[in-house]
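For reference, the structures are reproduced in the following blocks.
In what comes next, chain A is part of two complexes: it sits with chain B in the first one and with chain C in the second one.
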Partner chain A sequence: MVESKQKWKAWLYLAPAIVLLLVFTVWPIINTVRMAFLEGYSGLKVAGGESFAFGVGNFVKVIKYQKFLSCLKNTVLLCVLTVPISSLLALLVAVFLNSIKWLQKPLQTIFFLPYVTNSIAIGMVFAAMFNIVGSFYGTENEIIVTAGIINNIIEFFGGKAVNWINYGSSYAANITVMVIYIVWNALPFKILILLGGLQSINKQYYDAAKVDGTSRRRIFARITVPLLSPMLAYVVITGFIGGFKEYTSIIGIFGEAMGPADAAGRLNTMVGFIYDALSTNNQGRASAAALILFGIILAVTLINLQVSKKRVHY
Partner chain B sequence: MAKETIKTMHERDISAERTRSRAVGIIAKAFCYAFLIFMALVVLFPFYWMINSSLKSLEEYRQSVPTFWPQKVLWSNYAEAFTAASLGRLFFNTAYVGIVSTILSLVITILSAFAFARLEFKGKNLLFSALLATMMIPGELFTITNYSTVTNLGWMNTYTVLIVPFLVSVFYIYLLRQNFMQIPNELYLAAKVDGTSDFKYLCKVMIPLSLPTLISITILKMMGAWNSYIWPRLVANDDAHRLITNGLRNAFTDTTGDVNYPVQMAAVALVSAPLFLVFIFLRKYIMKGVSRSGIKG
Partner chain C sequence: MKVELRNVTKAFPSRNKKSGEEVIAVNDCNFTIPDGKLIGLLGPSGCGKSTTLYMICGLQKPTKGQIFFGEDDVTGLAPENRGVGLVFQNYALYPHLTVKQNILFPLQNLKGEDKLSKEEMLKRAYETAKLVQIDELMDRKPSELSGGQQQRVAIARALVKMPRVLLLDEPLSNLDARLRLQTREEIRRIQRETKITTVFVTHDQDEAMSISDFIVVMKAGVVQQIGKPQAVYDDPDNLFVAKFLGTPPINVFNGAVKGGKVYIGEEAVLSVNGVNDGEVYVGIRPEGFILDENGPLGCKLINVEVMGRDVSVVSSNAASLNPTIRSIINADAGVDHDAETVRFSVKPHKLFLFDKESEKRIRFEVK
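== the complex of A and B ==
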């Protein structure tokens, strides 16, 4: 590296980034921690000249809050269901895609398509597919106009129509729809990463295995998976990080109500909780919840890294 | 004679084994394609259903037996959606915010990446590590304070509030710095000997050589503007500055129950179309950028 004679010049190049980072990144970190530890902190009360005691009251209140627990449950449930399903499906698709020549490029493009969509817009399409059209409020003379395309398909194969997202739908049905949508949305990124990983595996390993007459299953378990393990770990970790921040996909399907008409807020998540607290001017509570979210993400990532340290080869 | 029998049996075994493994191979291939094509159909189905529904009349959409292509193609749904959600204004707002923030963001990213990749100054590595560390923190943590900051600055319901807070992306700086570092040092030395200034070297050599990364950043940033929802809803949800995603959600608040789906699906198709066009023409850059980033927008 060459020594630049005028060292102050470097700071000139960095100045715009540093100024913006100080205002919109560094100060928020400090201030959010501060607000979290000032009990009952609220922007409105600050304007009224009130002062706040230092303490962990916000955290205690948030943890005891019924709404928060339900948000936490939804978030964890969606994470635990969607990350393994989408990772496994993506692994299968990537392995199969890697083993074919004909149609590989067009299929690869198709599998990437959901990535370039707006998660709220396509959420509305999923809502349309699962929706039962008609007035539907648990009264006697219900008018069901059409059961929706998903129910039509289920009925075509001899199943019974399910109330997925409408008035009176069950929590399990709601979660099923969310899992399907989130997995659909998460696949492209995972397939892209895993396929990239597969294509960079040295072909010599496979040739050696072929010479030894190794079975397909054994090749998969002993060569493909171990050599792909860093990519798998990456996909799972980013999946969990994204999963804990789930929010817009639920808005896409259920709208701002975050639940079916008779149970608004039932599917709210951690991020949703933070924004609800923020928009009602409870900055203290929002900050405490955001720090808890950060703590959870950090812990899950560290656990994942620890597990993958043992499992990931090389 | 005994010897011969053994030999032929052995050969028979080998040929049987060979046909068996070939048959397994064909079955595996067939299963492979069946699975991939099934998954591809699952992936494509929502898009097909969106277009199919957007072209139907409301009566046809509500038939209890669905039609898989509209009996009568109704383009007027698109016109209706365009006016119902006032998409024109939303498109303009989003394009304006997207373009301005992308240009400013590129300038800032290039300058900082250059400083980190080519210039020497005290505390460079420490500063860079500190920047990388902030990437771990979820954005929600910043939003809470930024919300108060922009309120105090009087930026509520302006374009500024949609552009300025997200101009610096540590990830983009990191990406571009890696790219800049790959450019051989000899070029820099040669330029120095010729008396080229740092800034001129940056413009004439480094930027052209890093064009693919810059294009990836541009696309990801534009996609970010197109898809952002949470921040705009908090700080600029008035008619004059509303962005496309919020506008779409606001114009069609109901997703369940008795909804005019054809028009709603037409609006969704209109909002999705620009992203698809960008994808078709710049697929390579998007996939490259995404595979290195792991973030949406």
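== the complex of A and C ==
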């Protein structure tokens, strides 16, 4: 009797959270799957009271769509480039931070700033840093009127200014800027996780290694990295998941055009593709693309887990 | 390898920056460990025994003083250049490596002339594993071993590079009572077989007494007494050492010496020579009591605990510093379990006098 009353109470207390989750998370997921398989589903047609055939038409449409492949390529490219670079850099910074105790507190704050700053704001700052302001139509000498700080630095060291993100910039230059920005933006979270991992490694392992005269490099490779491997796996897996959802960073630098002025949409990503479909009332196509993205992330994560099973110790 | 500590002091900076006072962990420590012996560093927690061990190891540098291995001054040497093997309290086995890889680890660090071929390394690893009897567990991970087995692996890892000195930090504290007995004999056997000078740290006097060739008793960073376990037990230099060694512990009474007689309360228990009159602490080992109807010391009987060969008589006396007095009496003496009081006489060599102020031992001759 008492127990059933307790249960009833428990459900009551959980109800607000459960209701919100059902309405805003569970139902949208179910609805996404439903819409993805309703052929030709769109907001306009729903308004017109049409009924839909059940099938994979939306998926076929998405895959055949020219822009989809370009979005997929951008997403994968950014993922493959940024995740290893940012994970490795984060590891080095974390080890460095961990080894210098008195610098830890001030540097920790500085490294963590990007994490708490709005990514659109950071993107705008990066855009200003890589920007070139001036005419791009004249001869080469006229091109640079005022350059962003990056080009100023390059020129200071005798290099030639690069058109990073403006009208007429190359795809490679655009991707370089994106990689630098995404890596920088991804660092703090990874550093935090790895630093926490490093600090939880028992100091006695290092004392033991020291007594045995282990070289620094060997300590890093044979003790630090293996003992940190669960954290490293976590950082890489979440890095890939986040990487496949890249979108705001591109908006931050290129604005809604998702590319330089002469090549709008060139840097669009999967999530960007989904938003585009939604904004043109193609919910069916958006849902199908979302499911495809979900499938890709699931597959990559499973591969990651499989690989880390062999590589992650204990 | 003989190990010698000369005026070794270790001070740690204070945690509380305002007061700025240093914490003296080890204060002017002097002792010599003879070659090939097993030494127990013994003391309550916080007495500086682990710090002393870490200074011998080289993981901590003395603030003052010198440490010698044989004739070499190793004070400034890093641990890897001292030729020491250290076994940590919680073993610090690398959890991601197998037993074999753990034991091989120190060998793989060797460089230059000392570098070994793979076959030699394996041979040495297996020899050492055999010595500590874990050669059948070589492919397991530390998490798949029992505490005692992990302990052996840790010893093997410390021994495999043939150190000049083996150091063990609380080697038995993580083992259960039965394993502790077994492992301490094991440590003794390994030390005898390898003849490596071995220092181990413990807070358990039983452990230290049972296997050490010498014990060093420490308190608050200061060495209290050094000697063979039996000698230190039979002839403690001060009240702390007397109290710290022996189970059950020594019974301490407020007493006095008057006219060549030792008094506990109103009762004169022993006649002595060569002691000035005054207040003293009287310490009597549990085995120093003799059940004697006409004995001088009367105590209120509380309980008699039967232990088989002996009985433990628990009684009380107003002059006792402890709430109860525990005495070990041969069961044949025929203790009357229902008596209200018991009377004891005292074995003179089991009775020690200590100064009330300094707590130092006052030596005497029995009249």
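Just so it is clear, the second predicted complex is superposed on the first by the 299 of 314 C-alpha atoms of A that agree within 3 Å, B and C clash if a C-alpha of one lies under 4 Å from a C-alpha of the other, contacts with A are read in each partner's own complex, and residues count from 1 in each chain.
Note that in this section contacts are C-beta pairs under 8 Å (C-beta built on N, C-alpha and C of every residue); 3 or more make two chains touch, one makes a residue touch a chain.
Since the structure is predicted, the reported quantities are computational estimates derived from the model, not experimental observations.
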| item | value |
| --- | --- |
| Partners on chain A (chain B, chain C) - clash or fit | fit |
| Partner chain in contact with A:R311 - chain B first, chain C second, else both or neither | neither |
| Contacts of A:K210 with chain B and chain C, given as first, second, both or neither | second |
| Which of chain B and chain C A:N202 touches, first, second, both or neither | second |
| Partner chain in contact with A:K73 - chain B first, chain C second, else both or neither | neither |
| Chain B or chain C, by number of chain A residues touched | B |
| Which of chain B and chain C A:Y115 touches, first, second, both or neither | first |
| Touched partner set for A:L227, first chain B, second chain C, both or neither | second |
| First, second, both or neither for A:K105, with chain B first and chain C second | neither |
| Least Cα gap, in Å, left between chain B and chain C after the two complexes are fitted on chain A | 8 |
| Residues of chain A defined as touching chain B within the complex | 1-4, 7, 9-11, 13-14, 16-17, 20-21, 23-29, 31-32, 35, 43, 89, 92-93, 96-97, 99-100, 103, 107, 109-129, 131, 133-136, 145-147, 149, 152, 165-167, 184, 187, 189, 192-193, 196, 216, 234, 238, 244-245, 247-248, 251, 253-256, 260-261, 271, 274-275, 278-279, 283, 286-287, 290-291, 293-294, 297-298, 301 |
| Chain A-facing residues of chain B, complex | 28-29, 32-33, 35-37, 39-40, 42-44, 46-47, 49-50, 53, 61-66, 107-109, 111-112, 114-116, 118-122, 124, 131, 134, 136-149, 151, 164-168, 170, 173, 185, 188-189, 192, 198, 223, 226-227, 229-230, 234, 244-245, 248-249, 252-259, 261, 264-265, 268, 271-272, 275-276, 278-279, 283, 286-287, 290-291, 294, 296 |
| Residues on chain A engaged by chain C in the complex (per definition of touch) | 202, 204-205, 207-215, 218, 222-223, 226-227, 229, 313-314 |
| Sites on chain C touched by chain A in the complex | 57-59, 78-81, 84-86, 88, 90, 92, 94-97, 105-106, 108-110, 141, 143, 157, 161 |
